[in-house]
Structure formats: structure tokens, C-alpha cells
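The following pair of complexes shares a single chain, subunit A, combined with subunit B in the former and subunit C in the latter.
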Partner chain A sequence: MRMIVKVKNVVKRYSEKIALDHFNMEVYEGEILGLLGPNGCGKTTAINCILSLLSFDKGEIEVFGKKMTPNSYDIKRQIGLVPQEVSVFENLTVRENIDYFCGLYVDDKNVRKRYVDEAIEFVDLKDYVKFYPKKLSGGLKRRLNIACGIVHKPKLIFMDEPTVAVDAQSRNFILEGIKRLNGESSTVVYTTHYLEEAEMLCSRIVIMDNGKDIVSGTTEELKAMITTSEKIVVSFVSIEDSVASLMKGIPHVIDIERNGEDFIIKFENGINNLSNLLSFITEHNLTYTKLYSKLPTLNDVFLELTGKELRD
Partner chain B sequence: MTVFKYFLKIAIKNRWIIIMYVTIFFVMTVLNSNDAVKREESFVESKLNIGIIDNCNSELSNSLKDYLKDENNIVDTVEDEDYIKEQIFLEVADAVVIIPEDFDEKVIRREESVLVYKDDRKPQSIQIENQINKFLAFANITYENGNFALKDVAEALNESVEVHVLPSGEIEGSGINTWFKFYFNFTGYVTIALYIAVIGVVMSDFRDENIDSRRRISSKRFLEFNREIYLGQLTLASAVTITFIIASIIFMRENIWNVYFLKYVVNLIVFSFSILCLTFLINNITRNKHAITALSTVLSLGTSFISGVMVPQEILGDKVLAVAKFFPTYYFVRVNESMINSLSDIGFDIFMQLLFAVAFLLLGLIFSRKDLLVQ
Partner chain C sequence: MNNIIRNCIYQGKNLFRDGSFLFWGMTYPIIMAVFFYAAFNGMMNVNIEDINIGIKENKGISNILEEIDFINVHKIDESEVSEKLESGEIDAFVDGNLNLIVKKSGINQTIIKEVVEQIKQILKLNRPVDGSEFSVSYVTGKNQEANSIVVIFYSLIAMVSTYGIYAGIATASLVQANLSNIGIRINATPLRKENFLIAGVIVSFLMNLLANAILLLFINYVLKIHLFNDIKYSAVFIILGNLFGVILGIFIGVSNKKSSNTKTLIAIAVTLLLSFFSGMMGPWIKVMLDEYIPFLNRINPVSIITNNLYRINLLGSTRSAVEGAIMLLFYCMVFLLLSYVFLRRKSYDSI
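What follows is the complex of A and B.
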């Protein structure tokens, strides 16, 4: 696969604050890359640097094999951005907005009309073309924001948290849309702090924290990197503290957390984790009310790599 | 040309600002037109108070004095510029005529032969110049073999007084002049308010940080974008200014031939250009819509007031006028108020307005650079 974006050791300072600290990232043609990290870790800053919206202090950025500068108009033609904030004219209707932003790339009137129609179709805003943005619900506004960013059919699309503050229905619609775009051979860079979204959508993930890229790979690769491979949640009718502490002796147990009635038992890689726990329960004559096993999530990956939870 | 098209589209979506100012303007104009007509009527009935100083005492000069005495009330005066100016300021005299020693020779050589001080606040005072010009014109016609046929002149003047002077053109001309002064002065005020408000509000949309980011990552070249934006501004500004010029013609029709109409038009175009440059400066300082609307009101009303749009410059104090000189409206009003013979007479005031235009542009450029540095 061809590498189309290369970010190498980029440092970006805002006066005192270091927003990007030797940040690295690569994007390959055809993938959906998830840029995952907590609020304020530098995701938007990274995108703005790649797009030459921001200057940076150190490092290199190449897009489509060429150095990216504010005057790289031939590169910019192939890029689309869906910014984190809804960025449209309040004084223009849905259709006029999409047409205007398309006009920044496409001069030919007929082509533009076709593109605009297709974008409206794509985000399903047909019934709202004459609406002004302030009359749109939050979810519809986000769709308009997306339409304005992708109307010129870019090969490489940056989406900065397009689902923040969006109801579940619109959110699914947007995620489906991103998959469709990717199916139409666009490469997508998708930033989010929602783990589930990244896990379900992205073919590859870069995890970042405090302006640094911590690790990158497919979901499976990331999960394989950490020692926790399984978590079992169990709660008992009653259990003595002395017995509870004995659970640590079960083979492969790394850690036990207590959350009210629930015990969350973390195991490292092993084949008989569940049956070992069940034997322990029979051995000590315990009655359990619930018991289930969870595979590790990206949150576990994040937790293990940074020592912090990545939760909304 | 998408940017150009949408610039105008957004301007039209802000049409309520335009409609508001244009309505105020035309209501004021209609009210003022009635006023101007009244002034004309009162003028026809009144005689002027004039002072005459005759340093020549020839047959010709005595004849002129007699003629002027018939048409006006005579007041005593002294040949002292300060004294005369005070008389006029205090409205003791509407005009003072000074006849020089070499009056006869000057008339024969058709040179400027008499000096007239008059009260420019009173449109009627122009009448005195008309009377003198008429007398001299007739005198010159009758000049033959070193003599003027002064009897013929007197007769001709008597007849022409009955036939001509009272009802016709020149008298009306001064009322019309006042109308044009008012109209164009007030157009200046509305131009400031409209340009800053409408262009400013549209620009604050385009310069919104989020929206501008979309432009900056696009393949639209910055120069091309600016070209279309400024073309849009120019189109909008021209449409506004041309509307006011055409409206003045519709209001006054053939009367535009009785005033130096070209002066008003040239002056308004130059002034509009300097205000467009001011708008450029303001757009580079702020993109806050409230600030822009406030600036539009303050700058239009404030500078119009101190520059003599609402009240004549003569009435404003020296200190006020000294401040007013730091804004193009002052020079714009001066041109509208002046009586000129050729466009070169307003050269200085036009030059000053252009100088302000250049200054606004340069300042705007400096601020736009600063903006870029922040990014």
C-alpha cells in the first residue's frame, strides 16, 4: 500500500504549551486511519499542521509524496476536511453553502452542480436544501458540515470528531457514510476520543497522548501488545474478604478490581482462565449471581500504555 | 467566480441594512426638497442689504451703483476686510461690492472688475453677482468709440428686470444649489454608514476563522480569492453610489444643468473610494459584527456632524473643524459647499481625499500582515 501522508517528528508549540511533541504518523492509501486520544491531546493540532493551516516548529510533513506548504494547491485539490466545529455560513442555505465550498475547488458550473447534488444525496439533506443552518438540528448541521468538506470528491479526507454531540441515529448515519466514502476509494483520517467508534470503523489506529504518538497498528495488533487478554466480571451472593483475597492465587490473574458487588478479574494470556475461576468457586462453595467474560478493549490498551483511562 | 457571486448574495441577504439607510435618506431628501422650494419663494420677495464702495467714481461706476440701489437696500460700509467680514457675519450686510479705481479699463478689457464679498450661508447672495454680471454684459455690448451708451444700458436693464430676473433660472439656481449641497452632503453620510455596515458584515462572514480555514485548505489561490472579494466590494459600492447619483438626476431632472453637477459627481466618486479604503482598514482590524455595526454608526454620524453635513462648517468652532480635518468627510463637504468655475478649483480637496484613501489602504495592509503573523 502506498504511503500518502508522512508526519515525522513534528513539534508544535503554542507559546508555552507543547501541543505536538515529536509526533509521527503515516497514512496509507485506502485505509480508514483512526487518530485516537483524549481531549486536548493534540488531534486537531496534528490535522491543522498536516493541512498547513498551522505552522510548526520542527519536523517534516509530506502529503502525496511532496512537502506540504500553504501554496501546494495541486495537493490541496485532492484533500477534504470536515472540521471539528461546524464551519458554514449562517447567511447561506444548505445548498448555497455546499455550492460555495465546492466552488473553491471546482470552476466548471455543470460539474459543480452534479457534485453538489451528489453531496446532498450522500448526507441525505434533500429535504433541507433551502434551510438556513440555524434552522437545522445538531445532527443535520453535522451532516451539512460533512457535505461541505467532501463535495469536491477528495481522495484524502480528514474528519475531526464528526460525531461529537450527535444523537445515536445521526451518529450511525455518519459512520455508515464514512464507510461508503472509503468504499468509493477515499482514504479517511478519522479523529475521535470514542473508543468504540475507532474500533468498529478504523482499519488502523494511532493512539496519541500529550502530543505524542504512543502506538499504532490494527485493533488486533494493539490488543496483542498488552498483557491483559481477558477480563472476567463476577459477583457473589456473599464472600468473605479472606476468601476474596485468595482469588489472586488463581493462575494468570494479574489484578483484581472491586466495583461494588462486582469483582473485575484481569487475566493475562492463558487458555483455561474461565474454568480455573469456576473451579475456585466450587472449591470455596460460593454462589454467584452473574459471571461473564470480556475481551480487552482499546481502553485497556490505552490504560496499560498511559496509566490513564480513556473515557468520555 | 463563486466567491464573487456569493459575496453579492450574502450582501443581498443583509438588504435590510441597505433598505433602512436608503429609506432614511430619501425621506430626508423629500423633506428637504419642500424646504428648498420654500426658501426660493421667500427669496423672490426679498431685497438684499448691500454695501458699495466706489473708488472709481466714473460715469460707468455711478451707473452701476444706481442700478444696484434700485434693486437692493444700501447699508454703510468701510473698505476694511475685517470690518466687512464682520458686517456679513452679523448679517448687517448680505454683500459688499468694491469698485476699483481702474474700473472702466477693466470692464473694457473684460477682466474681473469688481470685488464682491457675500454671505455664502444665504443662497440669495448669489443674486448680487448676477446683477453685476448682467449690468457689465449690457455695458460691454454698448461700448463704442471709447464710450458706453449708459442710457441704453439702463433701459435694457429695466426691461430685463421685468421680463427676466424675477421668475427665471438664476434665482431658482441658488435654491437648487442648496438642494444639491444638502443631497450630496447627506449622501456622504449614508455612504459611510452603508459601506462600513454592509461590506463589513459580509466580510465578517468570509473572515470568520472557521470558514476562512476551509478556504485556506482549499485549492483556491489566495490572490484569486482576494481578487473576487474586492471585485465584489467594488461592485456593491458602485451600485450604492450610482443609485444615489441617478436618484439625484431623477429628483432634479433638467435642473442639473443649472449647477456644476460634474463637481458633485466627481467629488462623490472620490469620496466613496476613500470610504471603501476605510472599510478595507476596518475589515482588517475586526471581524466582530457588533463592533462593525457600531463603527458604522459612530463614524458616519460623528464625522458627518463635525465636518458640516448636518450644520454648515461656518457654524462649527475652529477646534471642531481642526479635528474634522483628519477625516475625508471634511474635504468632501468643502467641495460640495464651494462655488467653482472649473474642476481644478477643487483639486486640493480631491487630493486630500485620495491621500486619506492611500493612508487607509496602507494601514489596512499593515493590519492584515499582523493578522497573518498571528496565524
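What follows is the complex of A and C.
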């Protein structure tokens, strides 16, 4: 697959604060790349540097094989941006806003009309075309923000946390839409701090922390990188502390956490863990009220790689 | 080109529907006009009586002055000058070298000064002076109840002609990624910033001109104060005032990273101060500056507009029109150039 964005060793300082610290990232044609990391890790800064909106101190950035500069109008023509903050004209209606931004890329009137209609359809704002942004709810504003960024059907789309402050239903609608866009041959770079979104949407993920790219790969590849491969949660009707401590001896157990009645047992190397635990339970005549196995999540990956949880 | 027209349409809509433009640009100047009318009209609604000029006997100038309708010439001895000025029997004394001696500052003194200045100019050109040249325009002026209030109105018009400054600031903010969210989006599109700005200048200029036209119609037809005898020359200065305002706004907008609110405050302070010096709060300040720091009125853009509107329409004199127009154009060029320098920096250090 063709690499269309290449970010190499980029360093960006805001006076004292280092926002990007030798950051690397590659985007391949046709993928949905998730840029995943906690608040303030540098996701927005990375996008702004790629688009040459921000100057940076060190490193190289190429887009579509060319060095990106503020005057790379031919490259910008093929890009769409959905900025993190809602960025629309306050005194233009929904339709006028979408049409204005479309017109910066598309000259032909008929094509433009069709594109605008499709974008309105895409974010489901048909009932609001004559509304001014200040009359829209927060979630609807975000949908308008998305429409303005994708209306010209760009080859490469940057979306900066487009689903923040959007209700669950709208969020699913948007995520489905992004998959459709991707199906229509747009490459998408999607930043988020929601693990579930990244996991469900993205074909590849770059995990970011403190301005650095920690690791990248498909969800499966990332999960395979960590030692914890399975967690089993169990709670007993009653259990002696002495017996509980014996659970550490079950093969492949790395660690046991106790959360109220629940024991969370972490295993490495996934095979036979559940049957080993069940043998232990029969052996000690224990009765359990619940028992289930959890496969590792991206949160476990993040936790193991950075030592902290990726939670709001 | 297409791009600029489209930007004009959309930016025009965005500006025109803006509540603050509708209030500050359109309504507020009318409120000010009504306020000035109410505050000053009753107080000063006296026709200017004939102006009394003292002059030494047997000087050629007295013939010219005597020909002017509204001037009464009193031949007096130099020893009486001080006393007669004090008592108000004469408004001013012109000595043999055409120097003006006054005791008070007022509208009469200003008019005499204009007239004498003009005579000096004409004499310099070695042209015969014809006193009737002065009467025509002034007589019309007089029929219009020429009084101090008109100076205030010229000053008000001069000030609101520069009100494009606010739209200029807003346009600059919309196109800068470090100043507004829209700026981030626009900088990510293939639209050139210059084109957005050019469209913004055109739109701000036309909108403010429209607001000015509405104000002038209001003053003329509702308040029934007739300010303009020479529409063409007056229009030149109002248009230049508009251009100056918008470009100064763009400059304030692009030259620093202060918030939009701070910039608006700067703009309010600048326009108010310049207007104050040009005589908007009463002609005394203008007369006083004319007397002691004439330099300031010659470089203050609002004064340039006020003074020229006043001279053109009340005194029928275009003596300083060319100089004033060149000065205003010079300001426009300078601020345009400086804005360009600030805009050339392409990527932002911080957004």
C-alpha cells in the first residue's frame, strides 16, 4: 500500500512545553488510522503540524510524497479537516456554511450542489439546513463541523475527536459514516481518546503519550505485544484468605487483584487458563457466583506500555 | 476572481447578519446624530451674525474683505485692537502682513482664518482677488443655519466613515489560524489568505459606506440639517475615510495576537481620540488645536476628513483637499504594506 503521509522525528515546542517529542507516524492509502492518546498528549498538535498550520522545530513531514508547506495548495486541495473545535461561520446557515467550504474546492455549480446535498445527508442535518449554528445543539453543531470538512470528498481526511460531546446514537451514526467514507476510497486519520472507538473503527492504531508515538499496529498486533493475554474475573460465595492466596500458584498467573467480591486474575499465554482455574475451584470445594473471561483491551495495552490508564 | 466574488457574497452575508454590525455600524451613528442634535441644537441654534473684522486703514486687503457679503470691515487703529477684541466689537484683527490677531476661539474666528488663508494663497499666485468668490458658498451655508453644530456633524460623519475598522478586525481574525477556529479551517483549505482578505476589505468597505449613506440620508431628511453643498468632493473624503478605516482594522487585526475584544477596544479608543481632537465633542477643541498645534490637525486622519468636509461645504474651499486626500491615501498604503508584512509569516508558532 502506498504511504501518503510520513511524519519523521518531528519536534514541536510551545515556548517551554514540548508537545511533540520526536514523533513518528505513517499513513497508508485506504486505511483508517487511529491516533489514540490521552488529553494533552499532542494529537491536535500533530495534525496541525502535518497540515503546516503550525511550524515545528525539527523533523520532516511529507504528504502525498511531497514536502508539506503552507503554500502547498495542490496538496491541500485533496485534504479535508474536521477540527477539534466547531469552526463555522456564526451568521451563515447550515447549508450556506457547507456550500461555502465546498466552494473552496469545487468550482462546478452542479457538482457542488450534489456534494452539499450528500454531505447534509451524510450528517443527517436535512431538517436543519436553514438553521444558524447558534440555534443548533452541541451535537448538531459537531455534525455541521464534520460536514464542512468532508463535503468536497477529499482523498485524505483528518478528524480530530469528532464525536466528543455527541450522544451515543449520533456517535454510532457518525462512526458508520466514516466507515462509508473510507469505503468510498477516503483515507482517514482519526484522533480519539476513546479506546472503544479506535478499536471498532480503525484498521491501524498509533498509540501516543507525552508527544511520543509509543507503538503502532493493528488492534490484534497491539494486543499481542503485551504479556497479559487474558483476565478472568471470579467471585466466590466465600473463600478463606489462605485459599485465595493459593490461587497465585495456578500456572501462568501473573497477578491477582481484588475488587470487593471480585478477583481479577491476570494470565499470560492464553491456553488452558480457564480449565486450570476450574480445577483449582473443584480441588478446594469452592462455590462461585460468577466467572467470566476477559480478553485484553487496548486499555491493557496502554496500561502496560505507559504505566497509566487511558481513561477520561 | 470567481473565488473573490464568492467570498464577498458569503462574507457579506456573514457580516450583514451580525448583530454587532447592525447596531454599531448602522444604528449607533444615528443615535449619536440624534443625541448631538438634541444636545447642541437648542444651545447653539443661532444664525451666525455678520463677522466683524478689524483692519488697519489704507491696506489693499480691506477692499477685498469689504466685498465679502458676510464680513463687516471696521477700520481701526492698532492701539484700539486689544480693547475692541476684548469687548467683542470685532472678532479678529488683520494686520498689514495678513496676520490674524484674535482673543477668543470660535466659529467666527475659524471662518476668518479660512478666508484670510485663502486670500494669502491667491495673492501668492498673483491672481486678482475677487471678494465675491467667497460669498457664494458661504451664503448658501448661512441659509442652512450654519452654526457650530455642523462642525460636530462633520466630525461625527468623519468618525463613522472610519467604522469599517471593526469589520477589518473581524476579517483579519477569521483568516488567522491563531486567532479563530474558522482561521484553522480556512488555512487548511486551498483558499489563499490574500483572497479572503481582499474580499473582506471590499465587503467591509461597501457595508460601511452603506451605513454612512443611511446616516447622511437620516441627517438630511429627518434632522433636516443640510451639510453638503459639494457632494463630489465630500464623497471623496467619505470614501477615503472608509478605506482608511477598513485597512487600519486589518492592520490592528493582523499585527498582534491580542484577543478580538482587546482589538475592538483599541479601535474604539483610537477612533474616539482622533474624533475628539477633530472637534466632535465641541468645536472648541478643534479651534484650539488649529491655534496652537495646527500640525496635529493636519496629520489626524479624522481631522483631515472633518476639516475638508467643513471647508468644502461651508466655505466652498478646496484649498487643502488635495493635500488631505494624499495624506489619507498615504496612511492607507502604509497600513496595507505593514499588514502584508505581518501576514507573510506563514505557519504559526502556536495556535
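Here is the rule we use: the second predicted complex is superposed on the first by the 311 of 312 C-alpha atoms of A that agree within 3 Å, B and C clash if a C-alpha of one lies under 4 Å from a C-alpha of the other, contacts with A are read in each partner's own complex, and residues count from 1 in each chain.
Keep in mind that, in the parts below, a contact is a pair of C-beta atoms (placed from the backbone, for glycine too) under 8 Å apart; a residue touches a chain by one contact, two chains touch by 3 or more.
Model, not experiment: these values are computed from the prediction.
Asker: Which term applies to subunit B and subunit C once both are placed on subunit A by superposition, clash or fit?
Answerer: On the shared subunit A, the partners clash.
Asker: Under the stated touch criterion, which partner chain does A:Cys148 make contact with: subunit B (first), subunit C (second), both, or neither?
Answerer: both
Asker: Could you look at A:Gly59 and tell me whether it touches subunit B, subunit C, both or neither (first, second, both, neither)?
Answerer: neither
Asker: Figure out whether A:Leu51 sits in contact with subunit B (first) or subunit C (second), or with both, or with neither.
Answerer: both
Asker: Let me test your reading of the model: by the given contact rule, A:Gly103 touches which partner, first (subunit B), second (subunit C), both or neither?
Answerer: Once the two structures are laid over each other on A, A:Gly103 reaches both partners.
Asker: Mind working out whether A:Tyr73 is in touch with subunit B, subunit C, both or neither, as first, second, both or neither?
Answerer: A:Tyr73 sits against subunit B and subunit C alike.
Asker: Using the touch definition from the top, say if A:Pro83 reaches subunit B (first), subunit C (second), both or neither.
Answerer: Touch status of A:Pro83: both partners.
Asker: Quick one: classify A:Tyr14 as touching subunit B (first), subunit C (second), both or neither.
Answerer: Only subunit C; A:Tyr14 stays clear of subunit B.
Asker: Which residues of subunit A are in contact with subunit B in one complex and with subunit C in the other?
Answerer: The answer is residues 51-55, 70, 73-74, 76-77, 79, 81, 83, 85-92, 96, 100-101, 103-105, 107, 148-149 of subunit A.
Asker: Subunit B touches which residues of subunit A in the complex?
Answerer: Within the complex, subunit A contacts subunit B at residues 51-55, 70, 73-74, 76-77, 79, 81, 83, 85-92, 96, 99-105, 107, 112, 148-149.
Asker: Using the touch definition up top, name the residues of subunit A that touch subunit C in the complex.
Answerer: Spelled out, the residues of subunit A in touch with subunit C are 14-15, 48, 51-55, 69-71, 73-74, 76-77, 79, 81, 83, 85-92, 96, 100-101, 103-105, 107, 148-149.
Asker: With touch defined as at the start, can you tell me which subunit B residues reach subunit A in the complex?
Answerer: Subunit B reaches subunit A through residues 2-3, 5-6, 9-10, 13-14, 205, 208, 210-211, 213-221, 225, 375.
Asker: Which residues of subunit C touch subunit A in the complex?
Answerer: 2-3, 6, 10, 13-18, 177, 180-182, 184-185, 187-192, 346-351
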